[in-house]
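This is the structure, below, for whatever I ask next.
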Amino acid sequence: MSLDAMVASILDRIGPEVGQGRVADYIPALARIEPSKVGIAVATLDGNLYTAGDAHEAFSIQSVSKVFTLALALGRAGSDLWQRVGREPSGSAFNSIVQLEREHGIPRNPFINPGAIVVSDILLAGGRPKETIAEILSFLRWLADDDTVAIDAEVAASEAETGYRNVSLANFMKAFGTIDGPVADTLDVYFHQCALSLSCVQLARAGLFLANRGVDPVTGRRVVADYRARRINALMMTCGHYDASGDFAFRVGLPGKSGVGGGILAIAPGRAAVAVWSPGLNDSGNSHAGTIALEELARETGWSVF
Amino acid sequence: MSLDAMVASILDRIGPEVGQGRVADYIPALARIEPSKVGIAVATLDGNLYTAGDAHEAFSIQSVSKVFTLALALGRAGSDLWQRVGREPSGSAFNSIVQLEREHGIPRNPFINPGAIVVSDILLAGGRPKETIAEILSFLRWLADDDTVAIDAEVAASEAETGYRNVSLANFMKAFGTIDGPVADTLDVYFHQCALSLSCVQLARAGLFLANRGVDPVTGRRVVADYRARRINALMMTCGHYDASGDFAFRVGLPGKSGVGGGILAIAPGRAAVAVWSPGLNDSGNSHAGTIALEELARETGWSVF
Amino acid sequence: MSLDAMVASILDRIGPEVGQGRVADYIPALARIEPSKVGIAVATLDGNLYTAGDAHEAFSIQSVSKVFTLALALGRAGSDLWQRVGREPSGSAFNSIVQLEREHGIPRNPFINPGAIVVSDILLAGGRPKETIAEILSFLRWLADDDTVAIDAEVAASEAETGYRNVSLANFMKAFGTIDGPVADTLDVYFHQCALSLSCVQLARAGLFLANRGVDPVTGRRVVADYRARRINALMMTCGHYDASGDFAFRVGLPGKSGVGGGILAIAPGRAAVAVWSPGLNDSGNSHAGTIALEELARETGWSVF
Amino acid sequence: MSLDAMVASILDRIGPEVGQGRVADYIPALARIEPSKVGIAVATLDGNLYTAGDAHEAFSIQSVSKVFTLALALGRAGSDLWQRVGREPSGSAFNSIVQLEREHGIPRNPFINPGAIVVSDILLAGGRPKETIAEILSFLRWLADDDTVAIDAEVAASEAETGYRNVSLANFMKAFGTIDGPVADTLDVYFHQCALSLSCVQLARAGLFLANRGVDPVTGRRVVADYRARRINALMMTCGHYDASGDFAFRVGLPGKSGVGGGILAIAPGRAAVAVWSPGLNDSGNSHAGTIALEELARETGWSVF
């Protein structure tokens, strides 16, 4: 079957799963998203794009953004970054503070909230939040090769208003010295990064360098070093779905990163980057229908890395 | 470079690392192993074998055995197995009991001690330990295509004598109903499985089916279903090195399972199975020099799945 | 009001509470106790006894026995005992193993299960369980001044058969070196001590020395040193009701120790020892009606130490 | 021996202990206190005062203030207060966040930091921090019968500047809905309450109502209801010294509350209130010499409640 037909067929088959689960409702901008939305985009190394459903509609990528800020921060701080954040699965929820206390303020990995806040702090690097936010946005536009990629100001504002737990996490790490900047500035960066708004098409395109050892296969531009791309993929595999990362690896067999907005970016090394979106979340906080779509896709294409 | 030359060169280069770390000393049979031992064996899908160092000397594979008992138990219990053991990284040490209390006696995955004890219990299935132990041994001999594979009776006896923590874990799960059999019988199986003694050559050979979607490429015999082989690999990637699984994925990029005897089995899907052995352990309880050897091998061959 | 009238009046008033809560059912001998049972006995320093209800019927005192084995063990090991068990509230359930892992096998206090198992081990002192059990029984008979005090063999056997969690706790501590004796022997002592069977009258009488700075006021015999009696009371106040100790101190204001059989021993220093019994347990595993009875008694007598 | 002579003798004997331990140094105002300071004041129900050493010198009472704000808040919110804060020992450090996550944002008791922050929030009651702070100060002046009691503005400012962990705790509870007010306002109250500055004489005098069932024995004014005074004492006994509360009860046998400034308030019900001050802290964060002084005093007076 052609990829085109396969993507269409998968969208068709997962229809009954779309709308199941629970749409994130902690901020109004997420709560009002139609649960019936569903999109898939597959960007292959040869520059082709295969889409189905609402693949061109922008959504809040939320924690999927952590992949990109990590890539940017590694370019900035290099391996020193690993002094301030670990690279092990957490064995607990995305915003758990228990692990931080036991491990003296060092988050387990860059894909749980406290880890991503540290990455934001590294990007801030004592500078002004506005400039760091602009830099992140530019990076995403460059990766997606699309200047319409945006940050949703309403989402960013809502995150800041309701983000008591993230404020708590950031201050907790500040008490341990893991955060350099003023907490408010670091969180300003973090809340804006979570508010990045991309379509499946843009997201798959932006992640393509990870499927190609760090080089954007379309433009030929190197984004990160070969070994860094592999390592980001490794982290996505072991830590990309919070406390359901093992299950995602087991079922899908691809590195992936999910967001509470219902998006997932998955990487098939040497082949493609895939983005799915469906707002209904399973008990682990990952897109219910999106995970099933990726499971089907991996099975039919044989793209599992295992 | 040929694989032969590569393997020899890696052994040469990791020389200074061999003997570093700490040899397991909780039982005499492990404590008296020479820290200077080091071996590598690479078994490729085409049936070739590349070795260096002490690759033909048998050692106690300890927890590496958990991969094989899982494969055997999945054949026996099928997916029902996942009712009694999870498939998520634990975020804690191999023998931690904390997680068990929080999660009502269900171990996080089959590669930490309590999870492997549950797998032993599934294999026991109400029968007699002697028969189950014989069955496990036969399975390993069949996989390794070598009838000299053995269980070290002294090691098994020592494990039983000093294994208070494993006795504790097993009784704890029994209190929750996760263990069916008499605790002593289940542990009898478990302690014998840990005492399996294989050389790097035998171990790589025995693991080859995992690199070939469940079929032994030499004999053509199917060991487990295609999807089961992939899933075992996925579990090795996310959970194979206890609380250093993320780091192993990050550095090596291959599914792997380590044992406290200093052995590691790594799988390069579609290519090869690799066994390394060096008794000195790092702080996470995994072979220090062995991990570095695999890191080098993955880098030079480009076999990382990422 | 006279104490006689007060005790009768309290029994009358708590009538509607008796039978509420949940009777322990993990062993048959406890499960078949009538939920409607209720008894109170107050033994005052002047040798008088005030009783109501089923105060003369023997019941399984279970964890209340931990007070007496501690007194006996302190006489044996002296303050060295505190090298192997702490004296802080645990902040968790009576049989939690989490704290043990964090604190390297040293139980928080002698009134949670692992702590009491250590006390049993100290009493065993490398000897034979039968003799230690006989010694504990003699001690209780001496304290209660009543040779009919007995150990319920059926209860002891049931505890041993179903006590997987206690087996787990004991082996866990053995792994850390907190337990000296063979685990099975130590547990043999522990399971028999839990099976001590006393009536409210016997229990109050046996505890009277704690209300009188270590001296039995009736016989004039010193049981423990003055400061030891105070310290046992202090431990009962801070740790006597598992994770509801703070609430008991808040509501009753007396040192007390509860058992899962529905009994509670409370001490009014300088005045009396009080035993209550009602099998229905509240969510914290302490006698529901018994706690209320003690709350009323403390309020009406003004015996709160605060 | 007269109390006067006893207090002098104790001060003399604990001399070698004074200066041992570690002076709190997280804010400059505490770090610069002379470690050689030591004072004792005993206020008896008959209105007499017995002092020794630096008993008239004001120091930062820090967490000892939590006793007084609890008394004030109970008068305000009544028993509803216990909907938002528990009354069990925590089994962990004063500023641990682990328990809060496990127990859904409800602090274990009002004497650990998060519990005291909730009490501050209850006192704030949606009002303005300045007014609440003024009210707390008035209350302390009234209790101490001394209008020179003050809040140290430098200490309050330092607490606010360095209090990342308390900011974290407050935001964490806000995320669970345990905190009503704006976090910054609630913390403003909290940081000022911690900065209350009293001498041993003032502190003992202020606590005297707790030794007299809620009535100031000198002025005859009722501060709290009889049962409330007893309950505050019960909480001081089980929770007053963080994770060393059991040890304090064991050694001293009196309700007590310590502060990181080196002060301790202890209550001998029906007899006296005692304040000690010595800045050197033991490993649990309580005054080293102060605890020993109270142990001696309790032993010599026989004031232990047990």
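Note that the chains are named A, B, C and D in the order they appear, and that numbering of residues resets to 1 at the start of each chain.
What we mean here is this: a residue touches a chain if its C-beta (ideal position, glycine included) is under 8 Å from a C-beta of that chain, and two chains touch if they have at least 3 such contacts.
All of these numbers come straight from a predicted model, not from anything done at the bench.
**Student:** According to the touch definition, list the chains common to the neighbour sets of subunit A and subunit D.
**Tutor:** The common neighbours do not exist; no chain touches both.
**Student:** Counting only C-alpha atoms to place each centre, which chain is farthest from subunit D?
**Tutor:** In terms of C-alpha centroids, the chain at the greatest distance from subunit D is B.
**Student:** With over half of the numbers shared counting as same, classify the subunit B/subunit C interface as same or different.
**Tutor:** Mostly the same residues.
**Student:** Between subunit A and subunit B, what is the separation of their C-alpha centroids in Å?
**Tutor:** Centre-to-centre distance between subunit A and subunit B: 32 Å.
**Student:** Could you grab the centroid distance between subunit B and subunit D? Build each centroid from C-alpha atoms only and quote it in angstrom.
**Tutor:** Distance between chain centres, rounded to whole Å: 55 Å.
**Student:** Between subunit B and subunit C, what distance separates the C-alpha centroids? Give it in angstrom.
**Tutor:** That pair's centroid distance is 47 Å.
**Student:** Mark out which residues of subunit D touch at least two other chains, giving numbers and ranges.
**Tutor:** Residue numbers touching two or more other chains: none in subunit D.
**Student:** Over in the complex, which subunit C residues touch subunit D? Could you list them?
**Tutor:** Subunit C residues touching subunit D: 86-92, 99, 108-109, 227, 229-231, 233-235, 237-239, 243-247, 249-250, 253, 255, 269, 299, 304-306.
**Student:** Considering the complex alone, what residue numbers of subunit C touch subunit B?
**Tutor:** Going by the criterion above, the answer is residues 96-98, 100-102, 164-165, 167-172, 174-175, 183.
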